[in-house]
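In order of appearance the chains are A, B and C, and numbering begins at 1 in each one.
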Amino acid sequence: MMKKNWKTLMLTGTMILGMGLFTAGCGSSTTSSTTNSAEKEYVVGTDASYAPFEAMNSEKIEGFDIDVLSAAAEAGGFKVTFKNTPWDGIFLTLKNGERDIVASAVTITDERKKEFDFSDPYFDATQMIVSKKGKEFKTLNDLKDKKIAVQNATTGDEVVSKLLGQDNPNIKRFENMPLALLELKNGGVDAAVGDNGVVLEYVKSNGNGDFVTAVDSGFATENYGFALKKGNTELQKKLNDGIKKIKDSGKLDEINKKYGFKK
Amino acid sequence: MITVRNLHKSFGQLEVLKGVDCEIREGEVVCVIGPSGSGKSTFLRCLNRLEEITSGEVSVFGTNIADPKVNLNLIRTEVGMVFQRFNLFPHMSVLDNITLAPGKVRKVDKESAKKQALELLRKVGLSDKAHAFPNQLSGGQQQRVAIARALAMNPKVLLFDEPTSALDPEMVGEVLDVMKALAKEGMTMVVVTHEMGFAREVGDRVLFMDQGYIMEEGKPEQLFGNPQNERTQNFLSKVL
Amino acid sequence: MLSNIRWDALSQYFPLFLKGIVTTVEITVISVLIGVILGLFAGMGRLSVHWYARLVPNLYVGFFRGTPLFVQILLIHFAVLPAIFGKTPPAMVSGIVALSLNAGAYIAEIFRAGIQSIDRGQMEAARSLGMSQGQAMFNIILPQAVRRMLPPLGNEAIMLLKDSSLLAAISLPEVTYYAKLMAGKTYLAWEPYLTIALMYLVLTLVLARLVKFLERKYGTV
């Protein structure tokens, strides 16, 4: 009796795994619908929970990345449309062709470059530690035995994972930055680590003076770029062309100024 | 022992008992007969307040149980009841069915409760079924266990609600025999029944109920032999 | 075709999945146990003849059955518990609170249905012997009701096991959390999600077996 059940179980498991492998094998060949007419509109994935870079303003997605990419597209002569896409899985939408571009404050890293192509950088960022006033942490070393909130699979996550070890339970990963920062605000963690632009925006708009921010001297400067599916050189060229044009024309400086970023 | 005065019982808009008066005396066997829907079961269930009493007075051993403040559990230990569908506890053995209430309510110790239960089982002719479960018994056997269960509380009066109506015909006799034996011992009994033979043979008094009233009452030979009320005559002509 | 699966990545993260699945099982077992206790009281409360005894259980069951578990988790972890304790409790605490409360609401309905499915004559027989409402409930009604409740309780446990995956959102390191971690780090989808899907499947099949076994052992009377 028992034996038969285990057989059924294994059979079921194998079937599902088999189905998976089959579809996985096919997956790579079914996503080339991106080359269409001249009026092709590129679909841009962005996680609109990352003010001021991207956030929902009622029904509309707004923010720095949206302004930059829209300007670059206009200058480069192509069309884009933005789709709110949760960060968890945002890169998978590139892989399976659901999105053509990810514009979501993505730091260009060597790790990511193995999997995706990037446009030229359009913004300089750095990681920032944020903690509560009175329980302040200024350097990465201060955080060694502390509970830290990050957004899953961000550069902040990477930095903290490197420090504490990837499976350290003191790292609390959240789906988006607002939740990670809320956890800090409610006292569930001692600090949070994330991109400076977002952290500063949050501190500005949430209980001014309750939080302390710091940049560890070990944090490297990071560059944001637009991520593309590996090998999509045609779009990469268009993007770089557009970015160059708005850099030259001063449009990018203008957008930076609009959001209060230093040059 | 039990005195009922102007008992009314309504279910919502429907008035089932419309003013019932009667007296049950110690040692008496009172049979209640009547067509279905006459209110006889409801009347019986008011005697231990399984049905809430709408108005009137039901005095049991001098306590008016219509009073909402009365300790019903105490009264019910003295008033046993046997149901049409036996209502044995299916998850317990016959022995546990009988000893549960004495143990939990009367706080009788396990040993004497068991001793008494075996004695009662002998009395109803089921000594060999102490460890059986209800679903292993025939209907007649189940009902005899139910009688033993009620007797285990040493009640002063036993209420029977159509105790043989759910039985196959060949099992009716064994249950009636047990009831007859009880009557002979002097147990006070109120029996709602369709068994006219039993009512005539065992009953000290017979109540005929119809349309929420006791239409006629009297000694069996009188009520069966020479009914006065037209409805009684009508009913008896159909069932006899 | 097998070459498409990144076994190297999978083997690197598999220990984390094992760690995660243990947490998943732990949190499910604890929540079901607490849920049964909550459900017993809420279910009986809902059967009370007194409106004031029904009020709180009705509101409780109505709320937790009428709102998404995911919303309950976020509400409890980020708002309710911080408001009560002054700071966010560990995710494990919030997770158990949220899942137990949710399970309790569904189990209350299972208890209610189970109790109501018992023939009225059982209660009448017990009361006619002089037992109190409580004595009758615990000695007569509940033992019979629990047998009938085993299958729906088993289903609830299976639901809860699956729904515990939502706790990844509050960074509770159960198995889905680690799958998301792997997906985020490796940009792979099949490997983490299919693996944990199979892990859940094995657990739910085992649970279903267990329920069947219990059903046969203590089955209908």
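Here are a few things to note about the model shown:
One rule holds in what follows: a residue touches a chain if its C-beta (ideal position, glycine included) is under 8 Å from a C-beta of that chain, and two chains touch if they have at least 3 such contacts.
Just so you know, these numbers come straight off a predicted model, no measurement behind them.
With steps allowed only between chains in touch, the distance from chain A over to chain B comes to 2. Of all chain pairs, the one linked by the largest number of contacting C-beta pairs is A-C. Chain C has its Cα centroid nearest to the centroid of all protein Cα atoms in the structure. Centroid distances from chain B, each centroid being the mean of CA atoms, peak for A. Centre-to-centre spacing of chain A and chain B amounts to 79 Å, using the average Cα coordinate of each chain.
Mean C-alpha positions place chain B and chain C at a centre distance of 46 Å. In this assembly, the C-alpha centroid of chain A lies 34 Å from the C-alpha centroid of chain C. Counting partner chains per residue, chain A has no residue touching two or more of them. On chain A, the positions that touch chain C within their shared complex are 5, 9, 12-13, 16-17, 20-22, 24-25, 88-89, 91-92, 95, 112, 115-116, 149, 152-153, 157, 166-167, 169, 172-175, 179, 182-183, 186-189.
Residues 1-2, 4-5, 16, 19, 78, 82, 86-91, 169-171, 173, 177, 180-181, 183-185, 187, 189-190, 194, 197-198, 201-202, 205, 209 of chain C are the ones that touch chain A when the two sit in their complex. Across the complex, chain B meets chain C through its residues 48, 50, 72-74, 76-77, 79-81, 83, 85, 87-91, 100-101, 104-106, 133, 135, 146, 149-150, 153. Residues 119, 121-122, 124-132, 135, 139-140, 143-144, 147, 221 of chain C are the ones touching chain B in the complex.
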